[in-house]
Amino acid sequence: MKKIINDPNFVVKDMLEGFVAAYPNDVKLLPNTTVVVREDAPVSNKVGLVSGGGSGHEPAHAGYVGKGMLDAAVAGEVFTSPTPDQVLEAIKAVDSGEGVLLIIKNYTGDVMNFEMAAELAEAEGINVQQVVVNDDVAVEDSSFTTGRRGIAGTVFVHKIVGAKATQGASMEEVKAVAEKVVANVRSIGMALTPCIVPAAGKPSFELKDNEMEVGIGIHGEPGIKRTEVTTAHDIATELMEKVLDDMNLKSGDEVAVMINGLGATPEMELYIVNKEVNNILTEKGIKIYDTFVGEYMTSLEMAGCSVTLLKVDEELKSLLDAESKAPAFRR
Amino acid sequence: MKKIINDPNFVVKDMLEGFVAAYPNDVKLLPNTTVVVREDAPVSNKVGLVSGGGSGHEPAHAGYVGKGMLDAAVAGEVFTSPTPDQVLEAIKAVDSGEGVLLIIKNYTGDVMNFEMAAELAEAEGINVQQVVVNDDVAVEDSSFTTGRRGIAGTVFVHKIVGAKATQGASMEEVKAVAEKVVANVRSIGMALTPCIVPAAGKPSFELKDNEMEVGIGIHGEPGIKRTEVTTAHDIATELMEKVLDDMNLKSGDEVAVMINGLGATPEMELYIVNKEVNNILTEKGIKIYDTFVGEYMTSLEMAGCSVTLLKVDEELKSLLDAESKAPAFRR
Amino acid sequence: MELQVNHVITWMEKSNEKIQTNKDFLSALDRAIGDGDHGINMARGFNEVVTKIKETDYSTVSDVLKDVSMTLLSKVGGASGPLYGTAFLKMSTSLKGREKIDYSLFVNAVSEALNGIKMRGKASTGEKTLVDVWEPIVEQLQKDSDFEAVTIETTAKNSMEATKAIEAKKGRAAYLGERSVGHLDPGSVSSYYIFSALSEVIKEGV
Amino acid sequence: MELQVNHVITWMEKSNEKIQTNKDFLSALDRAIGDGDHGINMARGFNEVVTKIKETDYSTVSDVLKDVSMTLLSKVGGASGPLYGTAFLKMSTSLKGREKIDYSLFVNAVSEALNGIKMRGKASTGEKTLVDVWEPIVEQLQKDSDFEAVTIETTAKNSMEATKAIEAKKGRAAYLGERSVGHLDPGSVSSYYIFSALSEVIKEGV
């Protein structure tokens, strides 16, 4: 394991300190927590937005804290959902009296920890609502199981819901737009190499020199299948097929595209994937409203990428365009 | 070699097409070239700014094209400086009559190719000036040799010179501020793993499981020394020592800091390095005016980072703060 | 036979020892069908539990269990944190104010814990979760009429091993569908360690 | 003996063959003390050169050399592109309009090429660059009185090998300082192939 770290048991603490040190005018770390909040939290007359999850997905989630996006991000241990006490601190720090919406990625751990925090916060008289993001089409969408995972599409939820809340919308309106994004966003990922959780010290899975995993989860959860590495063209085609199959888009529909690097993939490769994705959409007559290429929701040093499509209407477009001062999503 | 690409010989073309496809309202690719220019080039009454270099350093350099930064970026083959004919196309596309400043990283190949382009452009009556960035303190600064390399500090040159030119400053003023940034910016890098040029198919160097290279170049050029991987604390201390030794900063001086990932390093680790760098500067009484953490000047999928310090005064601070619409450097 | 404060403390210490010893094994099981952190999570949590309860004076069993619960809730994270946290919280609540626990109180407490796990995780038997150890244990405890080291150990072990054959429907392993078959459920294995530790406490004399 | 259009074309074809054959070797040399692309750069450039000059009709040697120069300039990139581009451009200029080249014109052209390389690269002898092959070649050509296959081959080979002992002062290898000693200069090796190809053309009869 080659990493630029100090003690593997303190990577989250070290990272958070380094993060707030980089943006001292914009964010702060709540003392003795792993909660990053806006410097000016709670923002009056605004629904508070809290997200978070395991660490190792940087810039998610602290990078999305800022004017126009989240009010707070709660960091768990690497790939481990944060605990209820931490989430509770975040909720309390950002509630201005308008209530707090939790944006949760659909993992059993995240859902349970955030839910417990919500129960505790409600006991303290705070109106807490939640939305669960489940954009990963690699997983079968079944109500009898855990259901789909939340991956990079979550960033679109942060952005759009952040814009809505910034406009002073009510909890009801904010939650409605959050659910609208969730209903219209789909993603899928693939990996060329695994990643290494610092405290574990070994790769979370193994791939042969010529293998890739299609449908990988952002914690290295196995995907749909393991095949030989093909070309960017074939990879994009396969990922897009899975996403489009699930979306029911017609010619003339508009989408926002996100090509997300999982950590070790050179940006060059992400742009090559974007070329292919762009071609596929253009051929189908689907209009690309906006494109985001970069590292938005990573898996430590995993090599690979994910493709996200968000079907947009006029409301979502204007919210997507709205100003954001979050360090990792400046608009 | 595991990469998400099509034909290794066409990675630059594919990437550039994917790049302009992502930002169609902001940039365009000059037909049959590897030159990305602002959509609205040439911008009247503004000195044109052209940079570029080998590919593989994404988001450099095309990511820095946009209002407030560069007017054009010329992409060479991977790690190979672009050719004079391409640079000439860029110069011609961005000259509004106010002349064009070339921002060149100090590599023999880059200097020669850009210089030949300048000669050709001058023959066509365009006023072309140049500034050569040489921020890498890993290399001895000698006028008898090639001198120091240009690395991540170049991004500060793009930003600040871009702001100056946007204000409508004359060529003389723009060039003067460029030279001021060059005189005040210092960097050094380190690598944990090598990278693979697609057309070569093999790593450009090798490091043992417990080794790192201090002072690595952004093309994998050997550094100052090869040692055992130590902690983030020790790595930051060593890099900062080299940079500070060369800068003559006093307590009370102000700097902008850039912690740059070389490609495969998780953002988590960059923030850990930032924590250490922040501590070192704070201890010495050096004020941190602003901090930039992320991938700004990469080396394909190399794991490692570089640290850049820019000593700022009031002029540089206000230019650093100025608006930028470049995709990879939004302010 | 009655469970007292010192027994519960020993139970947690023994649980912790087993978890620390098998930390890498638990993570390896989780790597196969999850995200590879179960050993790390449990080891971090139970280490804190032992530190906490050793430095505190307790007069009731319920207070020990409350601290166990709170520590697990705030230190484990992931899916297992709220589940184990809830389990011990429910035990604590059902034993509120008690210094000594007789067998029927104990069975009732574990049964409450199981309900808590099922409520929190929205899981039922046969979904390859720790319910698949806790549910058989509760059934066995209800059959027995006093603390029985052997039946607890055997039941926990057998049901833990039986998770291998189950297709996961809940938790991270559910993403794998059929491919989860043939692997032990990590959470069931850590639950086995906890009941195995309980069995040893009983054997040493409750 | 005179150099004509077809000789120059053969010269370039033979140069290209050697460069393609040794592409990986040149890149490996560059990996050791540079950035590992010299073989890729030269192979890309000379491949284009051969394509270009084969599909074009030429009446003068200078026109062939002009196309060689332009193609190298626009296809090689890096340090070697402008250097070789300048070298062939200077040859073309000094031979402007000529259909046949006698020995003294040829020596003059190569000498102009060397000046061009030195001007462009701001390098002089002993700095571990391709000057260390071109300068001895010019000196040897000036000593000889007609095209001599053997002296060209020997001089190019010896001076290429001699770059091993030199400490780099220019180009990317200069960053290495003393550590560049003991490695061949990649650009000198590609220059050797070009003169070795010339030597073969001469041997086959100019």
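Each chain gets a letter, A, B, C and D, in the order it is written, and its residues are counted from 1.
Here, a contact is a pair of C-beta atoms (placed from the backbone, for glycine too) under 8 Å apart; a residue touches a chain by one contact, two chains touch by 3 or more.
Predicted model, so just to flag it, every value in this text is computed and none were measured.
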Chain centres computed over CA atoms; the one at greatest distance from chain A is chain D
Where the CA atoms of chain C average out and where those of chain D average out, how many Å apart are those spots?
76
In whole angstrom, what separates the CA-based centres of chain A and chain D?
54
Whole-Å distance, C-alpha centre of chain A to that of chain C, is 32
Two or more other chains in contact with one residue: find those residues in chain A.
none
Is the chain-to-chain touch network here best called a line, a ring, a star, complete, or other?
line
Per the touch rule above, enumerate the chain pairs that touch, sorted by label.
A-B, A-C, B-D
Going by the contact rule at the top, pick out the chain D residues touching chain B in the complex.
27, 31, 33-37, 40-41, 44, 73-83, 85-86, 120-121, 168-172, 174-177, 179
Contacts from chain B onto chain D in the complex sit at residues 54, 76-86, 107-109, 112-113, 115-116, 138-140, 144-146, 149, 197, 199-200, 204-205, 217, 219-222
Quick check: in the complex, which residue numbers of chain B touch chain A?
2-6, 11, 14-19, 21-23, 55-56, 58-59, 63, 192-193, 195, 209, 212, 229, 231-233, 235, 259, 263-276, 278, 288, 291-293, 295, 298, 300-301, 303-305, 330-331
